[in-house]
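Shared between the two complexes below is subunit A, which has subunit B as its partner in the first and subunit C in the second.
And then the complex of A and B:
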């Protein structure tokens, strides 16, 4: 094998990494080029470049509405997650450390049960009756909470372990703070950065969620992914501009999360 | 004593909102599916399941699901292993960049990914045209099983790289040097040291990739508008399609899907117990 010789081994590894990069880049690069092309068919390169597809996209009221609705649903779901998960984590780690084992099994559920399976039950349970939520953004907010749960729980747990929750609480209480004060004024500020990273990353994958959005709500409260799917019959260039705009938005979010993560260490 | 007891009760009360939401959006739907999979027109029983397994159509859906998941996981993990190993051996600038890029592309799945592939590899896709003109392929159908395996493999790669990259930590550089000193060639090193050490991580990653592909719905739906026969598509069609709604049959299919994923996980745990473990 080429690894025996340092020089050629080095070259081999560089080539593999570049090939990996190219494989991952190709669909994106193709879409980017297509979104900037005036027309592109049966030739290697497009015949001309233009921004008109982006202008058309960003002046489409239906797109802007879908974008806003996606933002609202994701922000709502993350707010709900923080409100539900932070107290849970605090209580589990401070009062009942043994519950952590149970929680680690429970948070596997959203991962082990695909959204398409949950949707079967959700549609029947909340399609009508006292808790009719199907077709409204509320059911999406609830479902997205379960989607974000495993990731948020693991990320914040790692953070809690890093800051030594018990020592911090004991120190605060020794200085005269009560449990609430210690939790809000001492523990929470210490979690801020880790929480921000978890939220940004959760946001980036919730923003791309399609199954729940399409099956439970569809066009009644159109999110970006559903809009994208419904526009399938419009121009391919227009769709490419849509895909690239979406990806750039997610890129900025993950980039911000990465930056925050690096600052921390 | 009294106040600490009250504190514990208050603490338990803090868990209540979480429990309520988790039950409504996770436990209850799953329970509904489990119960109704056993309910058919004729009453309680396994009627739904016999209907599924005696239908060629549904058997084909299960078979396609398994085939696409298996092959995309195999190709995905092969590319990810080669990539992750080489990533560790290039300079840090290139490594950090490609790692960050893989991280970002892991979000590039579902509907946008399907569209990107249509543009690139569809009937009139740029790459299809290029390869046809070069005479490498005669024809390529993205909307077929082969096409779906390629598409699935693409979204498995970043996930595989992310999961496997830390696993190579277990492989210490001095082992390779020791093995070389003792006269082992590269093949012997990998056969007797490298692969056994990596096996638990490889198995774990493979299972996650399989589960990921088995449950995938958005990509195949967006690509074929729900016309390709795999389990998630069949389930969705039975609860949200235009014709022939049958939530009970959908539940049975859903239980089969979850069952397949559980089976894979159990086999993984069993293999893990038998495999070699590195002392940390």
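And then the complex of A and C:
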């Protein structure tokens, strides 16, 4: 079969792709339209278009606080994971390759235990006593770190395996570089792609996380999703504006990160 | 005194020895090859010399100084890897300059030396490219330039040609040898390819199971193998036990014999004790599989013209050059 086959097969493929896009985009388009509508209840189309919901949302100090707090918690968790996982991965792959099997089991744990269950455990552990931090952002940062772990570990591991870490390190050392110079000048720049993918994936996942945020911290340190949940009884237009804003933010971030990742080569 | 002297070197992994009591001497400017099957310890020995793998005991003297206590950064050794190990995030130029950058060589001087090194491997026009934009052969030449630019006292080549295709391998072989001669650089080359070893080296160390089995120049290794392993690894020796050898030569022989396939001549005169089982064309040589007096032999004959070809099933006479018979342990 030739690759660029004209006619019916080609048309069929296009239709499938378009239909898929339509199914994925339709709810989003509906939400977008609803967030821009003055009111939309008994008619087929909204009665008028307005930005007032967005204006209301972006001038609500509680929303801005929640947005900022979400951002802070996510960035904090990702920072922590980069600081811990990069050296860990380096050590595992360069010095103790056998530990990789153990790590593969460890990183599955955050997925193996449902968030509701682990929340209860975390509440018990950190609810009182010397490590009491339930209700503070610190517990969320720690908890999100474990959630991000599998994404970070897998993506960077794949990247590491693709670059032949051992030979690169050996070559750099024979050329006079010490371990730090070899790691920062040779290995790290080549992990940029994997790191970017891991960070983006984790960020968009964590930014939308609700269960842990709600159970461990709730309104005491309101994040975006908790705020959305608490606003569920307000206007639907307002909530739609919130969802679209959230979606656009992640979209722009992804696009920007992709652009940054594309230079050189 | 020899330039490189390895004395009683021992290395084991988790209790099982990789090599035991390695001793060898290498002269200044010499090109020596560690030849052996995979797992014989040749690459580990090279990594020990480079300092990338620790040794259990023994000495590695380079120009009289023991390298063993020194870190790989301080040894002044250049190395080329089978996987090239070029830094993917750097251009060819930056790759080659890396070692000079680590030595804090001034930019102007570094620039000049990088250009010089790239000219040596004929890649000066590729300075701005990234490794992924180069072919395998070009990558390996960059790796060679990168290891030469720091002016190492000793160059180690770890199967540098194994990942390349035949034509490029041949060309690069000559290029490496030529550069090595020009610079008078003492070089240790590791390979499992006997042809590579025979054509490139001043001297060959044949290794098996962590021991140096035989050492000498290509001629000695090829014509006088010391044991059955050496005979089996180099060339395509016919290896006969005492019984078969006695039967074939029709005189009592009480050791094993190794006979090179080109030391046997075929003709149609005389007794015609051999039967051509099969033949294959290796370009300039025809390799016959011959059965004679119950012994199977490989015989190589120069492919002069198709008229001389012996067909399968034909009976032929064998004459064996008596000076080419090697008694092996």
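The criterion applied here is as follows: the second predicted complex is superposed on the first by the 248 of 265 C-alpha atoms of A that agree within 3 Å, B and C clash if a C-alpha of one lies under 4 Å from a C-alpha of the other, contacts with A are read in each partner's own complex, and residues count from 1 in each chain.
By our rule, contacts are C-beta pairs under 8 Å (C-beta built on N, C-alpha and C of every residue); 3 or more make two chains touch, one makes a residue touch a chain.
Predicted model, so just to flag it, every value in this text is computed and none were measured.
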| item | value |
| --- | --- |
| Side-by-side fit of subunit B and subunit C on subunit A, or clash | fit |
| Touching partner for A:118 - first (subunit B), second (subunit C), both, neither | first |
| First, second, both or neither for A:173, with subunit B first and subunit C second | second |
| Arrangement angle, subunit B at one end, subunit C at the other, subunit A at the vertex (C-alpha, nearest 10°) | 90 |
| Broader residue contact with subunit A after superposition on the shared chain, subunit B or subunit C | B |
| Partner chain(s) touched by A:163 [first = subunit B, second = subunit C, both, neither] | second |
| First (subunit B), second (subunit C), both or neither touched by A:59 | neither |
| First, second, both or neither for A:233, with subunit B first and subunit C second | neither |
| Partner chain in contact with A:128 - subunit B first, subunit C second, else both or neither | neither |
| Least C-alpha distance (whole Å) that remains between subunit C and subunit B when both complexes are overlaid | 6 |
| Residue ranges of subunit B touching subunit A (in the complex, touch as defined) | 7-8, 11-12, 14-15, 17-18, 21-22, 24-33, 36, 79, 82-83, 85-87, 89-90, 94-95, 98, 100-105, 107-113, 115-120, 124, 126-127, 129-130, 154, 157-158, 161, 186-187, 211, 214-218, 221-222, 225, 232, 235-236, 238-240, 247, 250-251, 254, 257-258, 261-262, 265 |
| Footprint of subunit A on subunit C - complex, ascending | 50-52, 71-73, 75, 77-79, 81, 83, 85-89, 98-99, 102-103, 130, 132, 143, 146-147, 150 |
| Residue ranges of subunit A touching subunit C (in the complex, touch as defined) | 163-164, 167-168, 170-178, 181, 185-186, 189-190, 265 |
| Residue ranges of subunit A touching subunit B (in the complex, touch as defined) | 1, 3-4, 9-10, 12-14, 16-17, 20-21, 23-28, 30-31, 33-34, 40-44, 80, 83-85, 87-88, 90-91, 94-96, 106, 109-125, 131, 142-143, 145-146, 149, 179, 204-205, 208, 210-211, 214-215, 225, 228-229, 232, 236, 239-240, 243, 246-247, 250-251, 254-255, 258 |
